[in-house]
């Protein structure tokens, strides 16, 4: 249910891995308690793309590949990176030997083939490639071959994501829903009490890769005896639990808590900068927002700075930035951003008049699951009202929102957010099919060119045109960038901040 | 009558009673004071009760008769309190105490043991959650150092005394398993279980049917003969007074209006209220003509006055056929003959 | 006595049956198609139709009702949509914290309410009575979640005396789990002590005016004994009822309190279920809690047999 | 113990002086009146519009400018608190009226017609078996959350309480001689129900309704707090506390003031209810 | 007074074989069994009995305030028990009731004027000024003042309230009034006032009255005829003077002897009964009084004693009545000797 929007989990490049190396030798033992934002509705990482699910399941289910600290592809269950045929259609993946499942059965190519097939059947990301797959087969016990119909550059990245993940399960445990959680990870599931805890214990049969830890890749050390994920849906309770030393790690905290977390003995804040960006998606298919002038009127009316301030509090937690990428990305450009953050009620009113706005309310769909969506919506509503619009703010739960946004007849604007993706082509609202249904001829032309172009410099230039187009056609409104706040106990050592925090390699100071 | 050393807590040394007197109430005043309003429920009541005798206090609602009995037992509910007067009582040992002044702790030793009480409502006066035996034994164990077994034997004997059949079985029964008459017998057994010198019976037969009332009155008379306790009998029923009492105190609006030997008072009432009360009970011999026709009853006009709003002077004056100007002034209790007092200026005209 | 037991038992069954019917009606009132909700946004019309058939939603209401009754008689409360487990197991898993929370709340509430109520009644109109009555009213006026938030701030965050939330880890000892219950139980206990205090006071006032209390005094019994043995034992009968029913109704308080303290109890489950649109869980929880209430009522009726000889007769 | 056994207390002090004799009732009425006045006159009193955002001034502590501080949108909490009073009182009052309408009808019917009693009494019993908040949550979940459904749900939740009291009292009153006298006179049943029964139930209904008002306000707050009640952008005290929950510890005033408002409103209602019970219940009045 | 099973011509009301059973949780209570009596026009019939005798139930049944289980009540030629609810309503005007408790018999929320007015309104007897006048007149008739109409019941004393109750009953100009213990809740000094009022009204208005009471001296004084009930059965009935002078049923004798007399010199040859009134749930077989009767014999347990006439209008339900009367005769003669 708490499916988040960090679609393709790829790299939050701006995040720096490994910034906190242990000052002293890490100790073995102890149980780390991790406060999560809620209860996952399944422990099967294939059936949902939720970050929460990915964060938990990566401890016991492993993928063939993963990312190292530089967000480069690195093998995990695979022995090494795949051999790709010259035409880019055949991937030969050698498997690591001696890997055993939690039920002590050795992992073989048969398991991998079955798992990949299950993934292409069930997982939303697997379905992306399903149509393109010719065959998945085991060449021998330790080699798998994947044959594509057409080349697909993103395949390895998809295989490496830890949500909607292509994890390897035993071939004889392929049921849906899964009956037993049997993976290959460094920790195994001991007990799950819904809404209470998910208890993981060290898997003694785990054989880490050789070498040193490197991001999600490299060796995975099993210092902790146990990892406990405790669902604490109320953000403030997570803060308080962290303050009281009840949690060794507390995920996604309200940024207002930053000051409270600072200078505490039992916890310390962790800031993940440029965690993501928020957007207002407009309905380009049906209703009043199909009129460009009205979209422009909304663009003119909104004051992004106030929306960000209301949503994230202090300026150090957000940046008022209209560009689609922050400064550290190669895709960064400020083309078109003069239309960002206007807050010009008069201009908006004039545009609305021009568009023949009839006074019917703009239906804004938002949810309180993400408090900042809701806050932005409220501020936006005030600015829109100031510009003479009527606003019908529909606050529903996230599941309902996801359900309703698929219906073009019932909304005009909905609010969502996304992390910064290394590949702009994967930005959610760009394809025609995404709710919002931005389908303009110019866009299609630019996007095709962007996807087929292999020269990085040219692609950057095309991307600038796309960004300009976004400001011209206003298919959605970018509100701005935001950071994320989490907290960890000073006892927790060797822990690396990440959007999907993992607790192998981490230890507790006793 | 005049007792000089009435300083504070009365002890035998300072207080005295004529040897035959068990209880002497002197100018007792019990008021209910709440905020600005004061209800003088008992206002200067005096009487004395001889040993082994029965004194009836008779009156209508609001006359203060029940408050008088509760005052003697010191069981007044808040906000009632004794504001004046004495309640002299002869203890078993012969000492005389003023119950009005006695500390609560000493009073507790007197309740039940020296003075016992039975009430109007036999249905509710027993605790529904305890067996009859427990409730009688509780009284015995409270005042006497006997074992539970002995107490049980005593309780059984008490039930026999009040003529309850199958007493052994009854001991283990609960009050609700008994009829009203039976419960009143139990109450009497309970009250008499420590051989009190004084039994206060507050309308003990009012809630009972006449045939049962007759049984209870008969029982009380017999028990008094056997045990010799004094009885202070509170009632509104003049018929009952005539049956059981030796002396009678007639109360009206918190004051004694007439008192004396039952024979005297009934034969020649010297207060118009008493006379009115006696006359208004229908009596065919008086109220019917020879031919069977009815005469009107000799009703007392008006209503019983509210305790909050008493007339000054004689409280009965507004209803009195003999009222004169002087009645605005409260008459004292005037001895009209030997052992007969009346609070009426015109006692002689009666 | 047997007749009493049988009558109460039949009464309980009848109320239980009505409860079941009401729950059925409430869940049927829900707009929208449970099947569609269960399958989520991606479901096809065919999937929904299949599930509707499987759940019997395509049948006439009366048949659905009979089917529902049949299921219940087999002890089947259905399957949770979100949790992928039988509702009964989901409830059973969460019974412990709720049970102990209720138990401790009631103990705390009674420990406050009984002495205060008795004394307030005994000293009717006194300063103590006025203060106690006012405080009881105040306690009943405080939203439990607000009090809970304050308690968390003060006792868990500032002083770190008690854990902030949850019910302890997997290996938490009973003592540790209890420590998680102290704050929520105190919160609930204070709030529910109000009702019990007022009821104890009222019931004691009634009883203190009863004739047998006067009889006890006329025996020469000490006040403490009069009040505790004769008055209180009688007052206890209605108070017992209120305590029992408060215990049952505390589940309601627990809904809020468990959420505030993130206690994984039945109340929390219900709130989550509402947010997750997990109708079978809502339905099951309603049924079980109401049944519990009815059952407690029945147990109280049976307790009367022990406490009150009049009933036995 | 009947101490002043005189049945008719001479003279009846006026209602006003009776109210003044009861300090708690007086305090309750004054506080409740003040809250109502603040809520009704909110447009005149409130220094700011309740929804006016001022993001630069977000989360300001109480000060001379913002008496109760500001919330996460920089809205004035004082203004919002008094505006929220409108809706909180409205929900409480409307739910109480609905509960009264349903409860009185059911109770009278059950109490007066033996045949209907079996079913109605059973339904009342069964409804009472559901804890109030739980039933309200379920009803709101079933009906869909909105201001109206919260009112309807709370009305349904509290109706059985009134129904039970009305039924019980009706059963007693039905047997009283004055009802027999009316029947002996040939007064039609419906008139007996209204004139003789209902009129004598006014006091207990009024008292109970006051308490239901209080409970309904608390329940609304709880529902809103849990996020299953009135939608969060509608300012009620419950939604304000729910919004402030995230800022407990950093901006306590967000929960403090609406919390105090609830406590005051509920407390004053209870004082009034208690006072009314004292005032209207002749059994208690006699003892005074 | 007659024992004939046919309604008596002189009777305004003839009750025949009245039966009433109450189902209770612990069994059926036989409140009334085979109760038959006549109320003569213009006369007062007294029904006496102790608690549980069924005397109140009998009064309520006649008025159909309680539905009788059997029998008939012929009022002016019509069986009241056979009337439909609607037909009954018209008859309500002709039969009225006065209650024991002056407190609960008046609606505390209604003004006295409305209490009396309701009777007038229900039967559309008067409107507007005529109605007010009539209320004033009724108040005057029972010894109250017209301005009392504006007051509430609690502003009156018990005796005054009972007067209001009487005024309400009189408002519809009934022919028959059932007075259910109308004075037993009143203070002694007020009882006589109300009794005087009732008999004045009875004489002035030519009312027929059923007077239910446990107070034997009041009944003796007031009533023309008397019915003695015990556990729902008639023990003895007849003209009051005769029954009082010459009680033939042992129970009547006991009852009369038990009444305390306000005369300390009165001769008391009291018969003290043993035991209590049995539970009506489980009444004794045969004669219901036999368990307490000093003269009970084996036969008393076997047959329900039939009513036997001992003189005109005087009947007794005791199989030994003749035998006992003979004995008494003998004793009296002995005493005389």
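Letters are used for the chains, namely A, B, C, D and E, taken in the order the chains are written, and counting of residues starts over at 1 for each.
Definition applied: a residue touches a chain if its C-beta (ideal position, glycine included) is under 8 Å from a C-beta of that chain, and two chains touch if they have at least 3 such contacts.
Everything numeric here is computed off the predicted structure, so don't read it as measured data.
Both chain A and chain D are touched by C.
Chain centres were defined as the mean of their Cα atoms; on that basis the chain farthest from chain E turns out to be A.
Annotation: 91 Å between the Cα-based centres of chain A and chain E. Inter-chain centre distance (chain D to chain E, centres taken as mean C-alpha positions): 49 Å.
We define each chain's centre as the mean of its Cα atoms; on that basis chain B and chain C are separated by 52 Å. Counting partners per residue, chain C has 152-153, 157, 209, 214, 259, 275, 277 as the residues that reach two or more other chains.
Contact of a single residue of chain B with at least two other chains is seen at positions 61, 77, 304. Residue numbers of chain D whose C-beta contacts span two or more other chains: 1, 7-8, 227, 245, 248-249.
Against chain D, the residues of chain E that register as touching in their complex are 60, 63, 65, 88-90, 92-93, 95-97, 99-101, 103-110, 118-119, 122-123, 154-158, 165, 168-169, 172.
Within the complex formed with chain A, the chain D residues making contact are 51-53, 55-56, 58-59, 72-74, 227, 231-233, 245-251.
On the side of chain E, the complex with chain B involves touching residues 50-51, 157, 159-160, 187-193, 195-196, 199-200, 214, 216-218, 220-222, 241, 244, 254-255, 257-266, 268, 270, 272-273, 276-277, 292. Residues 3, 7 of chain C are the ones touching chain E in the complex.
Contact residues on chain A toward chain C in their complex (touch as defined above): 1, 31, 33, 39, 41-42, 177, 190-191, 193-197, 199, 228, 230-234, 237, 240-241, 243-246, 397, 399, 402-403, 406.
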